[in-house]
Structures are given as C-alpha cells and as structure tokens.
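All chains are identified by letter, namely A, B, C and D, in their written order; residue positions are counted from 1 within each chain.
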Amino acid sequence: MKKIAIVGITGYSGLECFRLLYYHPEVEVAKVYATSHCGEKLADVFPQFDGLTDLVIENFDRQEVTEQCDAIFFATSSGVSKELALSFIEQNFPVIDLSGDFRIKNPETYKKWYKNASVNIEYLFKVQYNLADLGKATKPYIANPGCYATATLLALAPLVQQNLIELDSIIVDAKSGLSGAGKSLSEASHFVNVSDNMSMYKVNMHQHIPEIAQQLKVWNSDFHALQFTTSLIPVTRGIFVSSYAKLSTGVRFEQVCEAYKKCFANKTFVRIRRQMPQLSDVIGTNFCDIGLAYNSVTNVLTVVSVIDNLMKGAAGQAVQNFNQLFGYDDCLGLKFMPQI
Amino acid sequence: MKKIAIVGITGYSGLECFRLLYYHPEVEVAKVYATSHCGEKLADVFPQFDGLTDLVIENFDRQEVTEQCDAIFFATSSGVSKELALSFIEQNFPVIDLSGDFRIKNPETYKKWYKNASVNIEYLFKVQYNLADLGKATKPYIANPGCYATATLLALAPLVQQNLIELDSIIVDAKSGLSGAGKSLSEASHFVNVSDNMSMYKVNMHQHIPEIAQQLKVWNSDFHALQFTTSLIPVTRGIFVSSYAKLSTGVRFEQVCEAYKKCFANKTFVRIRRQMPQLSDVIGTNFCDIGLAYNSVTNVLTVVSVIDNLMKGAAGQAVQNFNQLFGYDDCLGLKFMPQI
Amino acid sequence: MKKIAIVGITGYSGLECFRLLYYHPEVEVAKVYATSHCGEKLADVFPQFDGLTDLVIENFDRQEVTEQCDAIFFATSSGVSKELALSFIEQNFPVIDLSGDFRIKNPETYKKWYKNASVNIEYLFKVQYNLADLGKATKPYIANPGCYATATLLALAPLVQQNLIELDSIIVDAKSGLSGAGKSLSEASHFVNVSDNMSMYKVNMHQHIPEIAQQLKVWNSDFHALQFTTSLIPVTRGIFVSSYAKLSTGVRFEQVCEAYKKCFANKTFVRIRRQMPQLSDVIGTNFCDIGLAYNSVTNVLTVVSVIDNLMKGAAGQAVQNFNQLFGYDDCLGLKFMPQI
Amino acid sequence: MKKIAIVGITGYSGLECFRLLYYHPEVEVAKVYATSHCGEKLADVFPQFDGLTDLVIENFDRQEVTEQCDAIFFATSSGVSKELALSFIEQNFPVIDLSGDFRIKNPETYKKWYKNASVNIEYLFKVQYNLADLGKATKPYIANPGCYATATLLALAPLVQQNLIELDSIIVDAKSGLSGAGKSLSEASHFVNVSDNMSMYKVNMHQHIPEIAQQLKVWNSDFHALQFTTSLIPVTRGIFVSSYAKLSTGVRFEQVCEAYKKCFANKTFVRIRRQMPQLSDVIGTNFCDIGLAYNSVTNVLTVVSVIDNLMKGAAGQAVQNFNQLFGYDDCLGLKFMPQI
C-alpha cells in the first residue's frame, strides 16, 4: 500500500488523480495540498465527496511528504512544480508531474512558449518525459505528457518512426472540451459562450507544439516542424485530433495499417480501430482509440485519435506512469469501460 | 464467482448492467441475449468494447440459462419479461427484473397504465418489489424499481412513513435526461429537438405513477394519490425530482431533517445533504442525494432528490439487489465516485 | 423616428435591446452607455457586430440623453437605475426600466429581498409596473417585469383573477437557462458545471417572489403567498414554468380553458396551446405559450408557460412597452418566428 | 409582391425558407408542398407556427405553381428536384433549387458521388450554380450551393483565384452541427449519441467534394484535388471550416490579407475579421465570417470560415439568389444580427 500526496487538489487534474487513486488497490491518498481552502475538509469544498473521505486540504509541506508518503503527484499549473519539486529530484523521491514544467528539454524553447524562465538544465536531464504507452517509467521523476501531445504523438508515432510520410506535410487539427482549459473563470468558459459554439484559440501558439515537436524529432531526426491548431468544442471531456499527412513515395495504405498494429500490439490502452473512433468511445476511460483512412486522389492519410483529456491525457496516464514506476501492471486501477 | 445472463443487452439498461457486472469481483457475464444482432460479437455491434470482450449476442435460451448460469438480469422493455420469466419463477431461479412487468401488484392497475394484460396474480405475489436502500432482497425474483419511482420514493419515504406531511398536498415535478427514454428513435430524441429545449410529456399518464402510489400506500394506508409530472431536460443521464408538500400541523422543520437522517442512517448510497444537491453530484454513481428546504410563509417543504437513472435508477440498483440476494455487501462493485 | 439611448449595453439585456431596436422601423439607437469599455467602438468589444454599427460605448450622460434622445432603456443591474433615473422621473422623460429597482411598491419589501434601500416612495408611485400583454403603458416611466415574473403571472392570471383555484395551493417550479443569470463569471456559470447538470438555487429567496405576489394580490386581494422555486437547466435561453394548483370547489376544467382563451383573446404574444408547449416553440420570439392539463384524481391543474427570457422576459417586452408608450402597434419590430 | 411556392416544407431547409420568406417585404408564401402531412395545416404539424399562418400542406402541383406563383424553392433531398423541375426549366420559370441535383455539371461525377443517374446534360447547362456572394444570379434556374461548399469556397476563393497557394497542399477540416444532417431519424442523430461527442463521417466520400472541386477548377484550371473531411459537433446550427495550405513561393501574408479584403470588398455578407471568428458570431444570420493566420515556421496559412448552415448555407443564400434574380437588393429580408 503506497501513500500518495497530491498537490493542486482543487483543479480538474488534481480531482481526477484523487478519484483514480482513491480506489487504486495499492494506494492510499494520504495528503492533499492546495493554495486555497487550506484547513477545510475536501468533502466540504467538493460536496460530491460527502461521506467518501475525511481528508483535509492543507498547505504544501515538503518534509511531511518525504517522511509520510511514497510518491507525490503534481497536478499544478505550469510554474509551480519547478519551484516546489527540485528538492524531490535531489532526493530521488518519486514524482509524477502533470504540469508542463519539466517536459521541454531546451530551456530557450521552454522560455519562448511558457513565457517563463526554465528550471536549470541539470534538473531537466534527471527527469524522464514518458509517453506511457510507448515508454517505460524508470527515472524517479516523471514528466507526464500533455493532453494534446498524448493524442497527437500516439497518432503520429508509427508514421514518423518509420518514415511512412512526407515529414513536412503534417497538419494537425485538434479539438478539446472545456475541462482541458481548467477551472479558471473567463468569458471563454462561460456556458453561454461555449454552448452551441466552436472557436479556434492560441493559433500557432499552443505550448504543446514544442512538446510534440521535441518527441517527433527524438523519433526521427529528419523531422522539422508540424502545423498544429487547437479549437474548443462544446463538450466537457475529450480531445479529438484529426491528423493529415502525405504518404512517402512508394508507401501503401496496407503497409501503414500494418505499422500501427505492430506499433501498438500488446498496448492495452491504444486501440487501432476498424472504423473511425468517436469521442464517446473513450470518455471516462484510459484508452486512446485511433482510426485511419487514405485518399488515393490526394495521397493524404487521415488519422483520427481520441482520448479523455483528464484520463489518458492527464490523471489516467499519470497513474499508468506511477504503476510502471512501482512495478505494478500498467492497468492496475485503470480498467474503466466506456459508458453508453 | 457467479455466472450471469443479461437479456436485452442492446438497450441502455442492458449495456449498463454489462458495464457494472463486467468488473464486479464476484461475477462473470456468461451470456448476453437480444432480439437483434444475434450471432454478432458484442464488440462488433458496440465498438467501444473493442478488445474488452469476446461475448456473442445470442437469442434467448431458457435452458442454457438455468443450466449454465446462477442468475439472470432482464433489461427488457415492458411486456417481455412477463413472457419469458414465468418458468424462472416456477423454478425459484434468481431473477433481477429491471422492467415494469412485475412491479404492480394489482392486475387492473397494470392493465390501465401499461395498456397490456398483466401476468397472472399468483406470479405477482411470488415477486418482491425491492427499493434496495430501504429493503432487503429475499425472494428469488426481484422487481427492480423504476428510475422516477426510486428518486421519488427515497425523497418521500420519511415524510409518508412518519405522517410528517399533509398526504393530499404532495406535488412532484420530476425531470429526466434522454437516456431515460431509451434508445428508440423518435422526433423527441433527435438532437435538434432536445438541445436547448425542455418539454413536459405523458402528463398525468406516466406509468411510474401507480408504482409510486402503491409503495406510498404500503408505507401509509391513509395515502391516496400524488400529483406527479415528468419533463425532459437536455442531459444524457440523470433524474432531478423536486417534491413539494405541506407539513402537518405541529411538525417542525428540524424534526423533518432528523427523520431523514434517521431513516437513511447507515445507508451508504443515500446521502442527506446540507445544501441542495445537483445532478452532477451523482452522475456515474449509485448515490441518491437528497436536500431539504422549508418555507415558513407557505408551510411548504421542498425536497430535491437526484440520481443517475441508469445507475441507481436501473443497473446500479439491480446489482445492489443482486448483491443482497447473494449475500454480498451492498456496495460490492458499486463504489463509483462522482467525476469532476 | 425615435432616438433611443441604452444604459448597460454590455450585458445580455442591453445587447438584446440593441439587437431588437436596431431594426425597429421607428427607432434609431443613438447612444449606448456602460461603465466598462467606454470610448471603445461597440463593434470592437462585440466583434459579431463588425460592419453593422459605428456606435461608441460611452459613459452615461444624463443631459445628452434628454437633449438628443426621445427615450431611454435601462438594462442595468438592480441598484443602478434607482441612482440614475430619478431626474428622468421628475422630467417625465420616457424610461423603460428593465431592472428590478422600481417594481416593488413597498420599500420594506424591496429592502428585504434586494438587500438594498429602496427609492423614495413618491417616485415609486410615479412608475407604472406594466405586464405588457395584460396592461397598457401610459405613465412615462415603465418598470418592465422580470423574466420569471412574466412567465408566472401570465400563467396564473386567469386563475387568480377569476378565483378558479384554491389560492393557498399554488406551487410554481420554474426553470431558467443560463443567460437569465447574466454575464458575470462564477463557478455556477462555468460550462463544465452547467453542461449535463441541473441545480436548484436561491431556494425560497428569489427576488421575483415579491414581484409576483404583489401583482397576484392586485388581481385578487384574498391572495396571500405562493411557493416558488427556481432551477438552472443547461440551455442558454428560456424559462420553463410548471405551475400547480387545486381547482376551487365546483370549477370544471373546461371552464378553466375557457377563461384562458378569453383572458388572452386578441393578445398576439400569448398563445393558449392545445398541447403542452416546449421551450423551442418560443426561443427567439416574443411569445409566451401556455398549456393546460387537469388531473381529476388529485384535483390539480398543471399549467406550463414558456418564454425566451431575453425577449418576452426582458428586451422584447421592453420594446413592447415602448411601442405602447409611443402609440405604435404592440407588434412593431417584434415579429419574430420561432426557428426550427 | 411575389408569390412563392416551397417544395419540401417539412424539412429543415424548407422550414427555414418559410421563416425567411414569411417576413420578406416583397414576398408572399402562397403554396407549401410536401409528401407527408398533405391536407394538414402547417400550424398543426408545426405547432410553433400557431397563430402565424393558415397555409395547408399540399401535394405538389406543377400547374398550380406556374399559374399562381412567381417562383418556386426546392428544399428537397437530392433526387427529387431532378424529377420535378424539368418542366420549369423548359418554361424558364424561376426556380431556386437548394438540393444537389443540378450542381454538378459532369453527369459521370454526379452519378459517382450521388449514387444516382444525373439529369440530362442539356438541362444541366441551362442551370446556373451561383455562390451568391461572388456571383450574380441571371439564369432563371439557380442551383443554390451546398452548406459545406459555401463555407469552403468563400474561404479559398482569393487563394485559388490568385494563385497564392500551392494548389496541391489544400487540407480542409470541416465541422457541422446536426441540422446539417437533416431531420431523418438515425442512431447518429439521437441526442445521447451526439451530446458530449464528436465524430468524423463520410471520410473522403462527402458529396460536396466534387462540388467544391468543380468550382475551384473554374477559378483556376491548374487546380486538381483537395483533401476534405467532415465531422459532426454537438451543436444544432453552424459550419466551422478550418482550411490549411502552403503559401506559394514569394507570397507574403500581408499580400494574402489584402487579397481577401479586395475580393470581398462591398460584399455585405462576407466579413474578413481581424480575429478568428466563432460560430456564435454568425448563427441566425446570413454572414460568412473569415479569419486568417500564418505560421512562418511551417509556411502554412490557416483560414477559418464560419456560417449558419441553414441560413448562408441554405435558405439565406437561397433568398439572396432570389433577390438577385428579381432585381432586389441582396440584403432584402436578410438583415439578421447575431444574437448574444
């Protein structure tokens, strides 16, 4: 039974970590931290937990964590974990970091996209960026991938790794539900402005662009850049990514399909589907579903990938990374079936 | 490990039974029956189950059930189980019936509200109507309460049982999401007609009226009738019931609150809340949350009760009844926390 | 051609007044005032108006209005018009006030429900509260009824005016879409908290209660109090009111139907419907649709009334009051048909 | 005052034509035809029209139209107008055809995409395909463009006409609300399957592909093919098109912006926006709003275009074509402002 602390309990990812870890058979959530509501019972602030927990929201206490817990989840906005996490890195204390602070290995790039100074580079290299379905968590500090990055990287992995497409032809049109934007109140999250609406945002400026590009370059050094845009759709959960690319000369569609099957063989949480997947196939689960189509007139491959942004795109993958780190089965505590 | 058959697998309640039973630690879903898609794999018809099950949808086979299974769930439209279930009653084979066929003990009443002949009365009396949070399943054939009936009866139980209100003053204004109306295609379920809309339906004619009245009369023989109306709101899951009644002379609000706490003490799945509950507090869970308010100017008590119609209002309560019948803890396989 | 000023242009009612008045054949919107965005073009702040108007948002200027305009619309939060409007009353300058400041004739009552000192009583009596479909604007200062009040009063008018019901049996269960709560950002208006949800709010404390009661007492001095509750449903526009009352001894349902038809004969904007109306029947229009049902077992009459809260419940009725005040046909500029 | 007949009144486009024409100052809707509900009053079948019209739905009668009407709108599914419209073409009787039957000039192409024999080619060439904002209706038979085609063609016009992009690099990711799929009942339009969901459909097979390609080739004979995909989003109205293309060597973004401004100068209904437009900016209006962004790293231009599929994408453009044909101002009866 591992004792876990969660920092940032009041946000969507923090609450989702709590929900998943609460029933994880090998976990006890021991501490929940936040900067607001300190001293209040979790179930008083979130009355939906009435009768389910006696935990009290507390101010973060580093020493308490290292003495009483076995691991810590950072479900914080960017800028927070890079302040609070350094001592954990120094002690090799297990951390699952859901924020973007340690994902980018180039401090210049981080600064450009996050408008903020990066952590010192020596720390960056002690951290493992681990896309859980294609990697294996081994270092004690895991940078958990971003939601858009997860859906996009899983969709493009076989293509980029195996040179199946023209690398400069990638266009990604990604859509997200509102929980992806977090809890902060803004005109953009007011029901009246979201319902019956759709909008593109952060055009060519989304901070997941360098995260995706960095990993694609790891997979294929010839990769240069991708066109990536993000839009909001009126749903609470879910990321729907449509990726387009031209097949390399001589590559056949059957070969592409084969490459996906091989790449994700034995990966419980990635399903290569015969039809195009829908958001509803994965909401509430840790799955990433992928569908493929080829247009011989334009030589364009279409890849659709869908995830629940709070599960596979955040807390689900975080628990999966935790499972890997502690030697549990990837699926432990993560067997959620899609609802209706 | 109990082997279970589900009849009506293609409907919402059938699929929800499958989802809940699939991960129930003491259950193996052995057979799934339907009248359509027979011979097809469940995961081909419902591709969201891709990789999760090899079950094949089959035509109902009575003998197969009694020989290979330990219990059967009827998740069928009214009119079906009364045809298929009689032999199970005769054999005392465990049945959880989610349909309305065996809920009404008076054949005349059944016929009036269901526009259909009732089953023979001798069978009716071998069946137990069990509101799982206030009863205990003992007879092998359980009539699982209806969704509206569950939310309404739990809201009114202490009031009617203990004569706290004027019995002829009860007004129930109940609202349901679309999954409550089932999968059948109609203008009323077309997205364009539901989104941004609300409508009242089956005014004074909903078939849950006699079911509620029957149970209220069991609790208090002075009870005569209740005003009960049903409206559709643009959500997928959820029942939101607003009940109104005048307090009996001399009854104080504090006394009412006390009665609710006492009535549902030690009932894990019914939570008497300090604030009025919202639908989102219970969606995806087996909870019924109840809130109370009193208006001293009008002497009217307002009771809000909320449930997930497919969980507490159907499959969740069905599994709870199954747990009771087989001696498991009520909560086994039903510990779902509310999301976000 | 009347020149109109709108105060509070940045709120939902202000924008809706602008939209309706913009194409009103006898109106030119001359001035738009607000406390934010002053000096900015309306079409810069609300880019959906790009190319449609050159108006600039300005700081309120009383003298400008009286010198350059023929009438003013106050689409402000409560507390504002009672500060700004007094001099208009003194000058008998035409005002349509959409706020609650001048609706309540009893200063004590106003203070109790609005948590705020009332305007001086001499002013209150110079103001006409005019439910446009049952009255006729004659005084220059019109207090435009509230959204809930409009839908509820039109539903109850014949019953209370003609003593058709037991006056102490009225239960009103009212539901509103999110635009009714205004633009202010709060957890309660965040998309994630509204979508797939329903909640009751301000239980027994909604400020429209005294407004409704005051008018019912005008219609029938025997009236004492009504039970009135309000809930939020996940739609942008619309109020759906379910009213319940016991028929007085000897009153037949046919008689009730007749009373409604008579009461609203020749009222273009109130339609007594043969079936129960839906929200979608009136969204985008100035209609109030009403449906009736009677339950002979409980002796309860059910009345459903639906309106678009920003049209009939605010700006539409305001324009209707303006039309009456200036001698135009009630329907001028208000002939909107329901969409799909 | 022109007398108009509408064929296909019971569908979404038919009803929207009715709504727009009803208040058109130079139009009287004289006849409404359908294949169902014949003999019933329009206001009985669609009770939201209660009190607004006495029109009776009738069986189509060719002679009645030519004798009593000045023009006819075909708001029918593909396959219908090609049966009913030939005699109107022969008589040069004014027709606005909202269906796809006469849009494709190549019978082979029509047959391939519509799975149906085309009308004889001599008729095709008597018909004018008129994108109303870039053309001028002159022939009596107008093929009104499709909804996706309208939003896509307006977005791409300056680029393709003026050789600003690499023609083989066009990727169009188009999203539509549910009214675009029509009223027919299917699992895909059931509220439960649409709400909180998104799905791609008719991948590489949408029948608007050849319509778009045909027009792009008219504008630039070097054009060959475009990648075009369509997805459903959970809104009732609206088309949101994201188009991507690489700029031709030497073309600067400022030059592109200039081209758009010039192309749509004096086009009331096309607005080149400084920010990216949202769906809500145009719902309920006849506008097409367009926004532009350029990524210098990938050399990709992003164009977002949004329309209301039933207005600009169907009935609104149809009325605009009617206005052009009869010499009225383009905007007559079409001045709708965006709501909130």
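Assume contacts are C-beta pairs under 8 Å (C-beta built on N, C-alpha and C of every residue); 3 or more make two chains touch, one makes a residue touch a chain.
What you are looking at is a predicted structure, and each value in this text was computed from that prediction instead of being measured.
With respect to chain C, maximal separation of chain centres occurs for A (centres as means of Cα atoms).
Taking C-D and A-C together, the pair of chains sharing more C-beta contacts is C-D. Once the centre of each chain is set as its mean CA position, chain A and chain D turn out to be 39 Å apart.
Chain centres here are Cα averages; for chain C and chain D they lie 37 Å apart.
Chain A and chain C have Cα centroids separated by 46 Å.
Counting partner chains per residue, chain B has residues 12, 179, 192, 195-196, 234-237, 280, 340 touching two or more of them. Taken in their complex, chain C has these residues touching chain A: 12, 178-179, 183, 185-187, 189-192, 194-196, 234-236. Those residues of chain C that touch chain D in the shared complex are 12, 15-16, 19, 22-23, 47-52, 179, 195-196, 236-237, 268, 271, 273-275, 277, 280-282, 284, 289, 310, 335, 337-340.
Of all the residues in chain D, the ones that touch chain A in their complex are 168-169, 171, 173, 175, 177, 192-193, 196-201, 203-204, 225-227, 229, 231, 233-238, 240, 242, 244, 276, 278-280, 283, 291, 293-295, 297-298, 300, 302, 304, 306, 340.
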